[in-house]
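Heads up, the next two complexes both have chain A, just with different partners, chain B and then chain C.
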Partner chain A sequence: MDQVKKSIIKKDAFALISGMPVYTDDLAPKDALVIKILRSPHPFARIKNIDVSEALKVKGVELVLTHKDVPRKPITRAGQGYPEPSPYDKFILDEYVRYVGDEVAIVAAEDEFAAEEALKKIKVDYEILEPVLDFEEAECNTSIIHPEKEAFSQFDIGYMPEKNIAASYSMEVGDVDKLIEECEKDPDCVLIKRRYYTQAQAHVMLEPHASFAYIDLHGRLVIVSSTQTPFHVRRQVSMVLDIPIKSIRVIKPRIGGGFGGKQALHGELITALVTWKTKKPSKLVYTRREVFEATYTRHPMRFDITLGAKKDGTLKLIDVEVLSDTGAYGEHALTTLMVAGSKTLPLYNKVEGVRFRGKVVYTNKVPAGAYRGYGAIQGNFVLESAMDELAQELGIDPVDLRLKNVIREGETSPIFKIMGEGREGVEMIVRSCKLEEAIKRVVELSGWKEKRSKSERNGSKVRGLGFAIAMQGSGIANIDMASAILKLNDDGSFNLLVGATDLGTGSDTILAQIAAEELGVSTDDIIVYSSDTDLTPFDTGAYASSTTYVSGNAVRLAAKKMLKLIKEEAAKMLNVSPDEITWDGKVLRAGDKEISLKDLATKLYYTENQKQLVADASFVGPESPPPYAATIAEVEVDTETGKVDVLKYYTVLDIGTPINPNLAKVQVEGATMQGLGMTLYEDVKYSGTGRLLTNNLMYYKIPSRLDVPEIHVEFLESYEPTGPFGAKSVAEIGIDTPPAAVANAIYSAVGVRIRELPITPEKVFSALKGGMKS
Partner chain B sequence: MIPFRFSYHKPSSLSEAFEILSEDGAVPMLGGTDLVVKMRAKRVTPKVVVDLKFIDELHNVSFSEDEGLVIGAAVTMNELIEDFAVVKERFPVFYQAIKKVGAYQTRNRATVAGNIANSSPAADSVPPLLTYNAKVKVVSADGERLVELKDFFTGPGRNVLKPGEIIHSIIVPYESPSIGMYYKISRIKAVDLSTIGVALTIIDPDGKRDIRVALASVAPTPVRAFKAEDYIRDKELSASSVERFAELVQESTSPITDARGSKEYRWEMAKVLPKRILRELGLFEGVA
Partner chain C sequence: MKIRVKINGQDRSFEIDPSEYLLDTLRKNGYMSVKRGCDTGSCGACTVLLDGRPVISCSVLSASVDGHEITTAEGIANQMKEYMHALASEGADQCGFCQPGLLVMIYYLKKMIDKGLIERDKETVRRYLIGNLCRCSGYLPQERAIFRFLGVD
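Entry: the complex of A and B
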């Protein structure tokens, strides 16, 4: 292996750091109509009347659209494979507005000034309805958020709009009630029941949501968008606007971060609509405030968890009940719920009983959607905090409790089969699982044993270590499909065409490395073009930690075919049989005959056996092999202020073969910081009237450079037989452990258990002092 | 971008500035780190922006024991603390507070005058300046006046400046050597406003030992805790006197809940931090 397991610099790195115009807004035609959206100031209201006549009079205004002007067709903007496991409960514009920020009207004008002016002149008469702002009171509330008859779900997802339920799910292995009952009576058994909460984290990708559209010379609609899912965008735009798929092209340029926030459609439907109506180019770039108030957040969740174990630490049962808040629309409602179980529970595969149930409710708040971790981070915080609490209760070292119960290589879990994403999963044996090794290694790296045995106090500051483990997946088994095309050029280089979507992750580079490794050439000779629905083959998109594993497998298969074609053509030229051909990356040989790849390619183009060599392949993951992580966080808690500082953060992972160790490492570091942001800082606050208060970067705080602890990332030797060159995924696994590792460390330092994220100084202070007087 | 039209001027003299500032909807600007942010968010929508950075006179900094430190309005925070060692040597608490404003990049543009003129209760440079009895020199086409900083603020974002008046410079009298600390609690370590900021300055620590305290983000304006100062003057720093002192500091505040923190937490910290600073200065042993 010389092209993989190699820290090659990202193919687009230089262009990005030298500020070349590569992002959507940089590329938009200068004469594009500027789109602005009038958004609802009310959490729940019906538009009684809307008058745009004054707005239309503003000089430079081209178009104003309200719900009366757009097709009333329900959709889901989720950006998932079809049929989606999310309810079709959203309209481009609707008579009802369901949260502060919901779209009321669309203005397109010559420039931003005219568009802003027009927004002010739209007169809306609202009938204000009673909003549902507390998700614990949403179910069966007298206010029904989706009373419309048109909304529906593609298949059974437990959708009950009359009860404000967007999705629901339940599963059980063994008889959990009976096990709980037995445990309660058994003096040799310990049972803990706890309630936890997680918050609606914001993605805060640097580039806001942006898209533009224009009509090409054939009258087709071209949409350029900062999207993670160009093919889903094409399909959904086609469906809602009744434009044939063949008349739409979607292109993704470079993206300044997505983290799941750009899996969904947030502006594309609108730019498409404006351009289709006016036949003029148009663009929509969200303001930061709009990104906060009117895109997606992570699903806030409430968990009730019960764990039962024997006194010797043998885990007997896990029972989890979830209430999740999807906000105004049900995108990703079911799947994030299920992932909270499916990507955590298999960690402890030896239990006698496991149950997972939950409901996802609508509220009149910013909709929730996909976000790195996707339910797993929420579930992991709860399971791994509860395991720590159980260890405490049992008087067992939390590490030993894990070692006694975790899943190991060659084992399976019934959860894999029962819980997929939105439907049944697949049976799977974990072929690569170095979790036990990861645990042992992180214990050693962090000095866990020595440090846990003595508590370190320095004035008002106390240190503590906390431990957590995690798993994730690699794509969605049997659903996510990726494909790749390789084309030989006359200089012996290759074009690699992939639908896969590099959103800053470096996947273009990684896929080129995989192709190069299989072909035996240098990564420099692979020219990648990705994410253009006209020119690149299909890919579901960049989500669910799928690209390296799913798209990478497709690339590898295509490269294999290409190499076979090359050898066949060389054999013809050299008059030998293909299996006599040897190949060293430059020259094809058979005995004393030889031809360089460049000569072969030139001949194929111009003189002999003329043809274009093209190879393609598709791949659907029959399984979704989990990567694993074991993490120890060392924190310092200031007992006088409640401030928590993460000093050191050790994480050891099994991601199979890291195709590009440097890119893999920065994925883990970035995920760690996002996880720490959710753990400690990223507080989401609403006003009593349902307005998001934390709607800019002064109010909503993500960690700064100075908040980065000493992070140690280590990858274990591991090889996933079903992955390309042994690779699994790395994109999400790093975000899962920070919340529990830090919460457990705080407990170990000062003996207070915070069960509600984020763990702000106020909560720690209040817990330490037994409350604050108000 | 800034979603409305306005004109931008950069006068090179005060008289020119006064003339443009007399236009309808004109506002002055220095670093723009408050103003431009607010304009982008449409929280202020001036018709005319008058950039004062190009007026030489506003870039002066001088120090003498008699006249004190005089800081021209257009001097950036980084210039002030990097080019004038006197700030760190003679006004250490002020120096510490400036270093806690935003991030380095912010301080490349931000000015102390802008921090004062913006009149946010969270202005970090203000509490130490209050403890040093700073004054604000205000000028207009009609002349000039000197305002005590403690009398400058009238509410969140509000102050005594009349239309046409601008801050010319800040004068920080020098009394004697001082020690102290600016303790800022913010959610993250950089680029964050204070949840609470406490400046505790001890003027003439080895002589008359005058302990002064002022706070940010705990009241509609930055506040100085005169009652607490009066109480502790000439008293020995014992557990009980420090406790009472801290309580009086706390009582000088009237915090509210906002996106950065709750009123309860601010209230608690208003008592914890003065004690803690005294302890960290080595003047008192005990828990805060």
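Entry: the complex of A and C
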């Protein structure tokens, strides 16, 4: 074991830091047509008439497309496996526009100036419709956002467009109503019912969405895109534009961050369409404003939660009802809803009854979609805040309440089987779970016991500690497939070809480490090429915390096969049986005979038993082992202003084996800051008329360097038997705990409970004015 | 209109539109290390040196740099190997999109600190870098590397 559990430098590090031209817009052909989109100024309207004649007269304009010129085929841009659990409710361009920013027309021109000029000359006559802007009033509203007949869902996802419902779901274990009734009557029971809200958050990956397309020498369409899902892009472009899959190639170069925001198709359909029509290269690079206005946000949600417990702290029931806002289109509507339950409820697997229900409604706002944490951060804020409230009611230390009820290694939860992503899940025994140890360790690290027992006050500022735990998954069990190919070169190095998509996380390097470890060679001898639908084998893409576990397992299996092939060939060369061969990473030996891998490879290429050694493997996770986290945040609340400063943040995680401890730690640190941003200030805001107010980085604040607290990340020794070298996922788990840990810390400090994110100074101040803990 | 500039030590002249920004002029002419991350001068990804001082090139009119000297990440990366190694060793490069702009800032800070013109102090360095946003790393691994490289504690 020397290539995993090792902080190897990312293979692309020096290229990225020195500014090599490796991102989509850096690589676009200089003569590419520049595409600009005319976007709707209205939240809901029908295009009565659209006149592009003046736009076409602008010098340098190549093409103007409106809804009359594009195929009328409904799609979902979600970027999920097929068939997708999201409604097919979007057209490339439509007669209806459903939010401010929705696409009205496409202009392609020689340069940006001509394209911008043409946009101004398109005349649109809108019939303005009554928008639905409040998601709590969306269901059965008189305004129906998706009246079109063509929209449909691939299977039953609870899609009811006539009621503005994009998806709905319910499940129950035990008889929850009966348990609630019993609890109400039982003097030995405590029941709490609470309502919480979580807001929309913007991804703000530093690179705006970009794609370009060109026709290759075979007349095929090549799309280069900052996508997390090149194979889904290929499939969807084929489906909508009616171009055979064999005529499309999708390449993902380096991408400047994704966080789920680039899982969906944003732009690829348009560049593909323009290039396919004109046969000329074209590119579409979103402005930051477009990224805010016309891509995705996190789903805002409302939760009603009921918890029931015995006075000794035994949790009896959990009942959760959710209303989620998917905005104008239903991408990821069902799955984010379900994850709010499936990635939180199994934490407390010993309850007698658990129910989870919800609806996802359409509104005339920016569509919601995949964003790191995906339902889990919303669900976690609610469950872990409510557990803190329950602990308060019971008079039990919140840590002790968790320790009494949490899931442990070797146990299971009925939720695993009942709730998958968009469909049924899989049964799963938790093979690795160091949650209890994580809780104990974070308590020790943070000084929880000593600090909780005394209140620290400094003038108007009061300190407090809050606790929360979390779980995630590792890929989507039984659905997500990844594959890998290894090829031996004549110097004994290997090409590793993977469909997996490195978003900047370092997954190319991590997969190389896994291959190297299995082969017994150095990671330097693995040359990774990823994310090209022509040259790399299939992978569903980088989402749902899947790459290390799902793609990593495929790589490990391919490497096992390759090693077997090498030993077989060495045995032939040395005239022994393959069982006699030993291998030290450089030389293959049998008794006193030996051959180096380099010599073997050279002979295989040029002189003896000539052949190319290639090994491939595919992997579908039979289960999705959860990583776990236990977190304690220490905050300081200014009672005069309501301002909250997070001072210290301790998080202890079980992610199985960290393949690359540095990169794993950075995942948690980065996720923590995104989570703290959502907790304290990030908020997607609209005007009363449905226009996005937070459409640039001056109005939408992400954490800066000065907002970072002391963050202590620690990984526990853990080994997941189904993971590659014991690994589970790490990408998302870190974002889940910040909201509840901070909210609970604020309560502990000043006795006010904020149930609506983000926890702004205004909210804390108003709550303090309403009554402060004595 | 035509402008003459010295970029990374080389004399260049460009035909530009009077309303053009330096970011666009540089990218159009192959200086791809200069990234566009926002439209409002908020993210720092397009940072370059203008006569040795950092500017955000999205907010500088190209016409105004006629006769001046520009330095981009391409021009200084080979002098910054120790820094790049420090950063990569922390896994702090991540998606990399903010890195060339940050590299330019660190190059500048290193010079200024060595000359004694900027204080060798964490809080000072942090404030100089506040305009260089990063969404991947939570800044912590960057700062571990930067402070080590700059000899700041």
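Observations on the structure shown:
Operating definition for what follows: the second predicted complex is superposed on the first by the 770 of 774 C-alpha atoms of A that agree within 3 Å, B and C clash if a C-alpha of one lies under 4 Å from a C-alpha of the other, contacts with A are read in each partner's own complex, and residues count from 1 in each chain.
Note that in this section a contact is a pair of C-beta atoms (placed from the backbone, for glycine too) under 8 Å apart; a residue touches a chain by one contact, two chains touch by 3 or more.
Note that the structure is predicted; figures quoted are calculated from it, not measured.
By the touch criterion defined above, A:Gly267 reaches neither chain B nor chain C. Judged by the touch definition given at the top, the superposed model places A:Pro281 against neither chain B nor chain C. Counted by residues of chain A touched, the larger count belongs to C, out of chain B and chain C.
In the superposed model, A:Gly420 lies in contact with neither chain B nor chain C.
Looking at the shared chain after the overlay, A:Lys10 reaches chain C, while chain B stays out of its contact range. Within the superposed three-chain model, A:Thr694 lies in touch with chain B and out of touch with chain C [touch as defined at top].
Once the two complexes are overlaid on the shared chain, A:Ile711 sits against chain C while remaining clear of chain B.
Of the two partner chains placed by the overlay, only chain B lies in contact with A:Thr641; chain C stays clear of it.
By the touch criterion defined above, A:Gly464 lies against neither chain B nor chain C after alignment on the C-alpha atoms of chain A.
In the superposition on chain A, A:Val204 contacts chain C only, with no contact to chain B.
Chain A uses residues 113, 289, 696, 698, 702-706 to touch chain B in one structure and chain C in the other.
Residues of chain A touching chain B in their complex: 112-113, 116, 289, 460, 640-643, 681, 683, 685, 693-694, 696, 698-707, 760-762, 765-766, 769, 772-774.
Note for the complex: chain C touches chain A at residues 17, 27, 30, 32-40, 42-43, 45, 72-74, 77, 80, 84, 87-100, 103, 126-127, 129-130, 132-141, 143. Within the complex, the chain B residues that touch chain A are 1, 3-5, 37, 41, 103, 185, 187-193, 258-265, 267-269, 272-273, 276, 287-288.
Listing the residues of chain A that touch chain C in their complex gives 7, 9-10, 12-23, 25-26, 113, 203-208, 254-257, 259, 285, 287-289, 503-506, 660, 662-663, 665-666, 669-674, 696-698, 702-706, 708, 711.
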